[in-house]
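One chain, subunit A, links the two complexes that follow: it is found with subunit B in the first and with subunit C in the second.
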Partner chain A sequence: MYVGKSVKRVDAYDKVTGRAMYTDDLADRKALVAKVVHSTVAHGIVKHVDTAEALTVPGVVKIFTCFDVPEQRFPTAGHPWSTDPHHQDVSDRNLLARHVRFYGDDVAAVVAENEVAAAQAARLVKVEYEKLPFVTDVQEAMADSAPLLHEEFPNNILAHTTMGYGDFDEAIREPGLLKFEGWYDTPIVQHCHIENHVCYAYKENGKIVVVSSTQIPHIVRRVVGQALGIPWGRVRVIKPYIGGGFGNKQDTLYEPLCAFLSQELGGRMVKLDVSREETFVSNRVRHAVRSHITSYVRPDGTFVARKLEAFSNQGAYASHGHGICAKGMSAFTQLYPCKACRGDAYTVFTNLPVAGAMRGYGIPQAMFAGESHVEDIARALGMDSLELRRKNMMPVGFLNAFDHNENYYDSFNQCLAVGMKEIDYEKKLKAYQNQTGDIRRGIGHSIFWYNTAVWPISLESTSCRMVLNQDGSLQVQLGETEIGQGADTAFAQMAADTVGVRLEDVHIISSQDTDITPFGLGSFASRQTYVGGFAIKQTGLLFRERILTYARELTRMPVFNLDIIDGNIIRTTDGRVLLPLSDLATEAIYSLNHSAHITAESTYQVKSNAYSFGCCFAEVEVDIPLCKVKLLKIVNVHDCGTLVNPQLAEAQVHGGMSMAIGYGLSEQLLFDPKTGKTLNDNLLDYKLSTTMDHPDLVARFVENAEPTSAFGTKSLGEPPACPGAPAIRNAVLQATGVAVNRVPLNPHVLFERFKEEGLL
Partner chain B sequence: MQTKLIKCTINGKERELMIDVRASLTDALRNDFRLTSVKKGCEVGECGACNVLIDGECFNSCIYLAVWADGKDIRTLESLLGEGGELSDIQQAFVDEAAIQCGFCTPGVIMTAVEILDTKRLYTRDELRKLLSGHLCRCTGYENIINAVEKVMKKRLGLP
Partner chain C sequence: MYDMKALYEANSVRHACELLLAHPGAKVIAGGSDVLVQMREGRLAGCELVSIYGLDELRGISLDEDDTLRILPLTSFSHITKHPLINEIIPVLGEAVDMVGGPQVRNIGTIGGNTCNGVTSADSASTLHAWNAVMEITGIGGTRQLSIKEFYVSAGKVALLPGEILTAILIRNADYEGYKGHYIKYAMRNAMDIATTGCSVNVKLTADKKTIEDARIAYGVAGPVPMRAPSAEAAVRGLPANAETAELFGKTALQDVNPRTSWRANREFRLHLCETLAKRALLKAIELSGGEI
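Our next item is the complex of A and B:
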């Protein structure tokens, strides 16, 4: 059996030798190069674009402006399409914008024979704007007097939804309740995958082929079709290896524009490779969310009623929209079930870069607010915050009526116990109480839960194909995509176990091609092993059945007495090896009696979801005069069900922890209030964690097999990014007594707070 | 377009080529020599994905003009592989320690690791962190990368 073993990555050799080919490595060096001309105002109407001087640059082929593209609006979010018009994503993008809505919007595209010419010409394109007032703050954007970004959305409100249970007004009438209230802010951050988004397009056999660094090839195919107004089957999207995505590439980015440029230039190959600066500004970012939480609590710490109001900054276009804030709200209402709970979430357009999906999809924001708030309540009550959490957190047996998620095990307590031991929690908590002096230490923690996949909000469908080769090895293809997380390796392990062959005989096809790969939705929602597992198991069993049926012909044994183990056909009654699968495979193909190309393909529609649980413990040292936080130790503990590959799971947790450390301590995009321009659109001024900013990262697991899952697994991709920031914040609170209600906890923020609290 | 003839050694072979004087070494290696292990992540010397060895010292090739390579000895990740496709010890360690995820930063990091290991010195873990700090990686949290480098360092020095 391979599931549960730390086998090496199937793509490790290619990646460690530099042979793995990414999008730009594959592009023909003679491809034309496109550069986008971006808006230099935060809000305005393009009156005129003067391309005369730009066209004089040698090598320029053609310049397309916002007046040259069709009025053909399309959505961009990497969501499964809905055939119900009411559930479709908002179509608010054009290939290029006449009404520009943020500093960095796309106004024109220059196509040239080389990159230098394209870049030079792009700088010479002169755009004349009618400037409009702009707004960057969510609350200001909702005011009647605010500039309106999209006519269809009054007060700039993309969506406003509520959820909850119980009679809130009745619940808070209980005598003796204590009321706690807090406002919490999270920043706009960016995914910072090391490979920027890049794509190239060309025409072949009457089709437009787009090779792209994307997480969602099949969705991109649909959106390119929608944007160009051509049948979806006339679009072919190929996804080679990709250099990280983290949700930014769970959006259709420049693929439609690139396809359009190629189409308009007679199908010649056009490459659109965005710069790091463009990645920061003109791709997607994570929503900044402002949360207001009110809790009514009994003096013994029992939560009675809780309310969350959340305001999510969408930026200029809808992209993934309200899904992010709504998901955070849903997590809030379920993490600490009480008598009555209310959620009230707004997603609001502003003149800032477009927010989309990013690792955690609303949960890092909601957990920062919620877990900071719980810590503050514990402090006010004089209670141990761990006890307060244990008293109120989602109990075993909790069932959510909407998605039928069930808390089957005592995962939270198990995870907390592992984390406490790992970090020596009780001893440190005691040691760090009542400190004085400039340098103080503290310990903090937080818990979280995360969904797996998108059912029942959206479709969950997954397909798999298996093809037997002459030597008994097999090709496996899925629509679920490898984006660096190790999905292909997990898929190969699952396939080997299901069919009964050796891992080295499973050839997983990593590259995705919408003309060839079975339909799948792509890589998002931490769904790959959970959702892919169903299709692999179902298809694998079908495939086995076909092999064993053929084996019956060769062995004259009944199928029910046959099995495939380690690549051999076995008689189960006595365990005898009847023949190697390789012999069967050769015979099946070349038989003069009965030649058979043994394959299997099937679709599994997933109609379940699963809670994934975990916690984080952080230990910090705060230098009060310097307003600096040093992270001394950090431990994440996850229950993501059965681990398919423990070593890769641990590695994935490290990456999520690193992202959470950046979220908690250093990362944020800053904007010039006068112009709306992004101020730190580069990896020097945007403070991504380096090797120097981490202690050793400790990842631990509690393995409770998920009953709804084909292989006992559930989500792990995004969860590690969820609990880190509030754990760090709570550790700083223990160290200094200062509650900081915004991240990142950088010196600028801490200086202000320490001053307010009289520490400085 | 102004060009200049340069002569240099690339991965052990002497090469001569007319180079666009504006080209970065990254572009020359990728486009002219098709050494696509040299990755582009920022093109301004921030991320380290394009790191190569020039006369034994690591440089961000994106901010190193190709014409400066005249007379130099350049090594990219492609040079590490044995003739039969055998992995070098540091490559094998990256595989064994699960130090690879998306793989995009990997070639650059490994070249810095080669520079570190070639000093034949024993570094503390904190020193290794500092020596590797010129590389940005968003997948691994650096944990297993540091583990891989440390493991090979100790092995080469005959330490447990």
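Our next item is the complex of A and C:
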């Protein structure tokens, strides 16, 4: 059995030796190069684009402006399509924009023979704008007087939804309740995957082929079809290895524009390679969310009624839209069930870069607000915050009526116990009480839960194909994508166990090609092992059945007495090896009696979801005069069900913790208030945390097998990024007594807060 | 692919000067860790370059006959950090340049490039200011020397005339004998960052290690160019080497500095850093000199 073992990544050797091919490696060196000309105003109407001088640059082939593209609006979000128009994503993008809505919007595209010519010409394109007033603050954007971004959305409100349970007004009438209230702000951050988005397009046999660094090839195919107004079958999308995505590439980015440029140039290959600066500004970012939480609590710490108002900054276009804020609201209402709970979530357009999916999808924001708030309540009550959490957190047996998620085990308490032991919580909590002096230490923690996949909000469907080779090995294909997280390895382990072959005989096909690969939705929502597992199990059993049926012909034994173990056909009654699968495979193909190419393919529609749980403990040292936080230790504990590959799981947690550290302490995109321009669109000024800013990252697991899952697994991809920031914030609070209600807790913020609190 | 109009490779210092005179718009390129970045982002797009990177005669560290420390401009940061003369005479310079960027940049980046860029945040610049470095400049007509203070003219501008290049950075024996120093780079990250404020302090204590005979301090990013804080230096000369003196040092330094507010940090925060860093760096320099606080 391979599930549960830390086998080597199936792509390890190709990746470390540099043999693995990525989009840019695959593009023809003769490809034309496209460069996008971006808006230099935050809001305006393009009046005129002067390309005369740009066209004189040697090597320029053609320049397309916003007046050269069809008025054909399309949605970009990497969501499964809905055949119900009410559930479809908002179509608000054109290939290029005449009405520009943020500084960095796409106005024109230069196509040239090389990148230097393209860059020179792009700098020479002169765009004349009618400037409009712009707005960047989420609540100011909701005012009647605010500039309107999209006519269809009054007050710039893309969506406003509420949720909750219980009679709130009745609940808060209970005598003796204490009221707690707080406002919390999270920043706009960017994914910073290593490989920027890149794609190239060309025509072949009347089809447009797009090779792209994307998480969602089958979805991109649909969107390219919608954007170009051509049948979806005329689009072929190929996804090679990609250098990370973290949700930015769970969106259709420049694939439609690139396809359009190729189409307009007779199908010549056009490559669009996005720079890091453009990645920061003109791809997607994480929603900044401003949260207002009110809690009504009994003096003994029992939560009675709680309310969250959340204002999510969408930026200029809808992309993933309200899904992020709504997901955060849903997490809030279930984490600490009480008599009555209310959520009130707004997603609002502003003239800022477009917010989309990013690892955690609204939960890092909601957990920062929620878990900071719980800490503040504990301090005000003079209670241990861990006890306060234990008293109120989701109990064993809790069932959510909407998605039928169930808390089957005592996961929270188990995770907390592991984390406390790992960080020596009790001792440090006591040691760090009531410190004085310039340098102080503190310890903090937080808990969270996360969904697995997107059912029942959206479709969950996945397909798998298995093909037997002459030597008894097999190809496995899925529509679910490897994006660096190790999905291919987990899939190979699951396939080997289901079919009964050795791992080295499973050839997982990493690349997706929408003309060849069975349909799947791609990599998002921490769904790969859970959802992919269903298709692998179902297809694997079908495939096995076909092999054993053929084995009956060769062995004259009944199928019910046959099994495949380690690549051999076994008679189960006595364990005898009847023949190697390799012999059967060769015979099946070349048999003069009965030639059969043994394959299996099936689709599984998943109609379940699962709670994934966890917590984070952080220990910090705060240098008050320097306004600096040094992270001394950080521990994440997760119950993501059965671990398919413990080492890969640990690596995935490390990556998420690193993101949480940056979110908590250093990362944020900054904008010029006068122009709306992104100020720090590079990796020097955007303070992505480095290994030198990390202590050793400690990842621990509690393995409670998920009953609804094909292999006992549930989500792990995004959860590690969710609890870190509030744990760090709460540790700083213990160290200094200063509550900081916005992330990142960088020196600029701490300088202001320490002055306010009289520490400086 | 870089938008480079032409690249001329110099085969001697004189050849480099001739090339620069023959191509007045050309920029000197050494390691390229700044020039190529600026070329890529468009600021130097279409520029001509004169490369001096192949001139091995401009690499290395030695002592002149009069014990002047001679650091040649193409010496990389990592070579400076590891050089025995640096570790013996001015270890703080080795520590300061070890905080530049990351390992790759420290292997390609040179101290000459770091100073000739004329930027206030350069990690070598405040320490060189604090140790009275002398810049040796060579042109077709010969060699001249300038104090580092005179070398930095304004933000991004140094006192190199057309056809001139920097050929050595000198630190005289009298400026290092008996001094120990400490540099604090205050940045938002522990690697791959530029200084929000940098502060380099060195002291010479009396023989009994109880009194400050001389103290020197220089800042990066406390003004448009790296700068000394003469008031602070004067204020502590002759005072006991203790915490009280360090307090005074930090407070007095504020009379000399003039940081600005930018989106990277506001003036008030930078002033707070100037005071705090001066104090801490002085205490550390006293400790390194054998003083007891």
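The rule we apply is simple: the second predicted complex is superposed on the first by the 760 of 760 C-alpha atoms of A that agree within 3 Å, B and C clash if a C-alpha of one lies under 4 Å from a C-alpha of the other, contacts with A are read in each partner's own complex, and residues count from 1 in each chain.
As a working rule, a residue touches a chain if its C-beta (ideal position, glycine included) is under 8 Å from a C-beta of that chain, and two chains touch if they have at least 3 such contacts.
As the structure is a computational prediction, the values presented were derived from the model and not from experiment.
Engineer: Please work out whether A:Lys15 is in contact with subunit B alone, subunit C alone, both, or neither, and reply first, second, both or neither.
Structural biologist: first
Engineer: In the superposed arrangement, does A:Asp384 touch subunit B (first), subunit C (second), both or neither?
Structural biologist: A:Asp384: touches no partner chain.
Engineer: Between subunit B (first) and subunit C (second), which does A:Val116 come into contact with in this model arrangement: first, second, both, or neither?
Structural biologist: Touch partners of A:Val116: subunit B and subunit C.
Engineer: Where does A:Ile242 make contact in the superposed view: on subunit B (first), on subunit C (second), on both, or on neither?
Structural biologist: First partner only, subunit B.
Engineer: Going by the contact rule set out at the top, does A:Pro625 touch subunit B (first), subunit C (second), both, or neither?
Structural biologist: So A:Pro625 only meets subunit C here.
Engineer: Considering only touches as defined above, state whether A:Asp50 meets subunit B (first), subunit C (second), both or neither.
Structural biologist: Neither partner.
Engineer: Please work out whether A:Glu650 is in contact with subunit B alone, subunit C alone, both, or neither, and reply first, second, both or neither.
Structural biologist: first
Engineer: Tell me the contact category for A:Leu670 with respect to subunit B and subunit C: first, second, both or neither.
Structural biologist: second
Engineer: Figure out whether A:Lys687 sits in contact with subunit B (first) or subunit C (second), or with both, or with neither.
Structural biologist: second
Engineer: In the superposed view, which residues of subunit A touch subunit B and also subunit C?
Structural biologist: Touching subunit B and subunit C on subunit A: residues 116, 683-684, 689-692.
Engineer: Show which residues of subunit C lie in contact with subunit A when the two form their complex.
Structural biologist: 1-3, 41-42, 45-46, 186, 188-194, 196, 263-266, 269, 272-273, 276
Engineer: Would you pull the subunit A residues touching subunit B in the complex into a rising list?
Structural biologist: Answer in residue numbers: 6, 8-9, 11-22, 24-25, 29, 116, 191-196, 241-244, 246, 275-276, 483-486, 647-648, 650-652, 654-659, 682-684, 688-692, 694, 696-697.
Engineer: Along subunit A, where are the residues that touch subunit C in the complex?
Structural biologist: Residues 114-116, 119-120, 123, 277, 625-627, 666, 670, 672, 679-680, 683-685, 687, 689-693, 746-748, 751, 760.
Engineer: What does subunit B use to touch subunit A in their complex?
Structural biologist: Residues 22, 30-31, 35-37, 39-44, 46-47, 49, 76-78, 80-81, 87, 91, 94-96, 98-107, 110, 125, 128-130, 132-133, 135-146.
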